[in-house]
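These notes open a run of structures that come right after.
Next come two complexes built around subunit A: one with subunit B, the other with subunit C.
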Partner chain A sequence: MEPLISIRLDNPRKHYYSGDTLHCQHQVDRIDPAHIHAIEVSVLWYTEGKGEEDLGVHYFERHVSGQQTPDLRIFKEFSVALPMSPLSYEGIIIKIQWCTRVRVFLRNGTEHVHDQPFLLGNIPVAQIIEP
Partner chain B sequence: MTPSTTPHPRFRSNPFATRWTQPGACPFLFPGEMTIHQLAIQLRQQQGWGQIVGPHGSGKSTLLATLVPELEKPPSHIACYRLHQGQRQLPVSFQDPDLQRCNQVIVDGLEQLSRWSRYRLKQFCRRTSKGLLVTTHRSLGLPNLLAMQPNLLTAQRIVAYLQRHHDKVISDDDVRHYYPHDSHNLRELLFDLYDLFEQRRPAAARPAPSASLSR
Partner chain C sequence: MARFFRLWGKKRGDRRTGSSWAGEIGEAAFFVALLVLGTLLLLQFWQGHSLDGSADESVLSLTFGVMCLLLILGTVGLVYTIIQLRISTERRVALARQASQLPVRQQATNPADLYHQVPQDTDLTNSPGIRLAYRLPANESPVWQIGAAVTFFLLWVTITISLSVAVLSQYSIDDPNWLLMFIMVACTVVGCWSIFYLWRQLRRHAGIGPTSVEISDHPLHPGHEYALFLSQAGHLQLESFRIALVCQESATYRQGTDTRTSIQPVYSQELLYREKIEVEAGIPFEQDCEFQVPLEVMHSFQGTHNAVQWKLRIDVQTREWPPFQRTFPVVLYPPPVRSREDS
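So, the complex of A and B:
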């Protein structure tokens, strides 16, 4: 059974502006803590389109299971100030998406990922203009 | 690994974007009854030697990405290399620890290597009793594992899979219309369908552009 990864952002509309502080809470459940090797949490943007995907990591933290942190499932939270750019963009050829991502690495070599997307900025959605 | 997501209400993904169609994101859909498990067994019966042959955009790399997790099961240890246009040599030497340690070598795009490099790779794998699985545009003398023969029906199944979480903006008739009957290049087809999806995306479903760029 896959672990259940929960991510909660402080803004229920999941809409932020440059300079805002994003507050995120995350938790892993439905898995034996002994099976978890590490957890990575990041705030990042990525492009989406017909070409190769590009991405940039704005915030990153990694927790490895050990004597100090035997149970990585426990509820954790962090806050981060959001940057000036790039802003979320829904274009025709390319789109830029921001998200908070939690990756869970298990001792058997598999990994599980969950994203919580959010909007940064307020760029209008691109429209195709008919000639 | 492609992450599971809960899309933002405003942000609608295009199911034909590279993010969703690239090898590893979209599973290989076999045209018949064959399964990935059976293909892995067939490769083992061939002592790990095999070639996946097919033209550009026929799904060779997608098949490989689907097959690799099956081949990675212990006690197998694989070394996988993806070659790009004009790459005439392996990106590592034969003394590379990963290459030395593995028992299955996988090369995506073997035809890129020079004849001499291909010969040396085959000799290395034979001498060290490693399997050699490759993808290639033409037969390069290895035992056949699968010959890729994409067709319209396969393309329609792929499109249905990609749109499984969306409204069916692209129909089977669209796929028939855009299908490259001469090249059978599915990558080219998916590029065209990306554009068609954007054109057809209902204007009503898009939120009205904000009047101001500020908050």
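So, the complex of A and C:
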């Protein structure tokens, strides 16, 4: 059975502006703690569209299961100030998407990822124009 | 069966059909095979060489080199694959970013660290203008085109003359070498074309003349107003002269072994349009204009494969020459910080 990954952002509209502080709470559930090897949490942007994917990580933390943290399922939270750029963008052949991502590594070698997208900035959707 | 086992998968850049796990295993197996092959061959080579020392020295070193290369390729590839195997993309990017970070004191003064993925404008603001603050560099420089034409012309003429001298010195009326004669004639034709092409490029460059754009401030900020000064030299009769602030998306992707770039214009604002202008030699056409950058637009963005580029584009139609276009890149910064309440 797949683990249940929950991510909750403090802004219910999931819309932030540059300089805002993003407050995130996350938790992994529905899995035996002994099966979890590590958990990675990141705030990142990536591109979608016609080109190859570009990706930038703004915030990153990694928790490895050990004697100090035997149960990685516990509720965790973090806060991070959002950067000036790149802003979320919905273009014609390029889209820039921001998200909070939790990646769970299990001891059997499998990974499970969950993204919580959010908007950074207020750039309107691009329109096609004649060259 | 085909659902579980495919002989071929489709791949576009880093994205592919099929299991990435199987791909990683296959990659690791390939490098292990190289490593094992290199080691076995090297062991066999040493045993054989110690028994029979009569082989040629150069052949021995070549064989030894190839085996060492196999060994190195296998080892490096395997280590790289293992490192990649259990590291997520985010962690890799975070590690790379951490490794490239400058000391904190320097970061605070560098705008590149404040505006991530926004290109720097140092190359755009290193040339002061005569009337306004900065003279913007053009994207396309005619020097490269003319330089390429001159290089080709010189190389081809040298080859043609050398070939002609060699062919004509051995020419015999009784037994002419028709193949060499044909090659000589073909080279002469290409040489004539290169002279014509070079002459056309030089004439065009001299006739059209340089275009110069100066701007009152840089980088650009949304909502701000800027002044422009334009100058077009040469000896021309302009049918139309248009300058626009444009924005385009640029996406680079791999298709098979080719790398392609796709361009999509997403914004265009005409700043100036003039018709029927005569430009005399030594008296350039000059024009001032002002413009305001719109508020809600995407800022300049530069990723590894994707970009949002802003530029000032000049389109000129003349009587004597085909229409030509010159572009001057600019950098547009993101809007200033504002709170949720402001929006």
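What we mean here is this: the second predicted complex is superposed on the first by the 128 of 131 C-alpha atoms of A that agree within 3 Å, B and C clash if a C-alpha of one lies under 4 Å from a C-alpha of the other, contacts with A are read in each partner's own complex, and residues count from 1 in each chain.
Assume a residue touches a chain if its C-beta (ideal position, glycine included) is under 8 Å from a C-beta of that chain, and two chains touch if they have at least 3 such contacts.
Bear in mind the structure is a predicted one, so any value in this text is a computation, not a measurement.
**Q** By the touch definition at the top of the document, which applies to A:Ile92: first (subunit B), second (subunit C), both, or neither?
**A** both
**Q** Between subunit B and subunit C, whom does A:Gln116 touch in the aligned arrangement: first, second, both, or neither?
**A** Once the two structures are laid over each other on A, A:Gln116 reaches subunit B alone.
**Q** Mind working out whether A:Lys14 is in touch with subunit B, subunit C, both or neither, as first, second, both or neither?
**A** A:Lys14 sits against subunit B, while subunit C stays out of touch.
**Q** Looking at subunit A, does subunit C or subunit B touch more of its residues?
**A** For subunit A, the partner with the higher number of touched residues is C.
**Q** Contact-wise, after the overlay, does A:Pro83 reach subunit B, subunit C, both or neither (first, second, both, neither)?
**A** After superposing on A, A:Pro83 lies in contact with subunit C but is clear of subunit B.
**Q** Examine A:Gly56 and indicate which partner it touches, taking first as subunit B and second as subunit C; both and neither are also allowed.
**A** Second partner only.
**Q** Quick one: classify A:Ile129 as touching subunit B (first), subunit C (second), both or neither.
**A** After superposition on chain A, A:Ile129 lies in contact with subunit C alone.
**Q** Determine, under the contact definition given at the top, whether A:Arg101 touches first (subunit B), second (subunit C), both, or neither.
**A** both
**Q** On subunit A, which stretch or stretches are contacted by subunit B in one complex as well as by subunit C in the other?
**A** Overlap of subunit B and subunit C footprints on subunit A: residues 17, 49-53, 92, 101, 111, 121-124, 127-128.
**Q** For a test of understanding, state which residues of subunit A touch subunit B in their complex under the given definition.
**A** Answer in residue numbers: 14, 17, 46, 48-53, 88, 90, 92, 95, 97, 99, 101, 109, 111-119, 121-125, 127-128.
**Q** Which subunit C residues qualify as touching subunit A in the complex?
**A** Those residues of subunit C that touch subunit A are 13-15, 86, 88-91, 93-94, 97, 114-118, 249-254, 262, 264-268, 296-299, 301, 303-308, 334-335, 337-340, 343.
**Q** Where on subunit B is subunit A touching in the complex?
**A** Residues of subunit B touching subunit A: 1-8, 10-14, 17-19, 22, 72, 191, 194, 198-199, 203, 206-207, 209-210, 212-215.
**Q** List the residues on subunit A that touch subunit C in their complex, please.
**A** Residue list for subunit A touching subunit C: 11, 15-20, 40, 42, 44, 47, 49-58, 60, 62, 83-87, 89, 91-94, 96, 101, 103, 105, 111, 121-124, 126-131.
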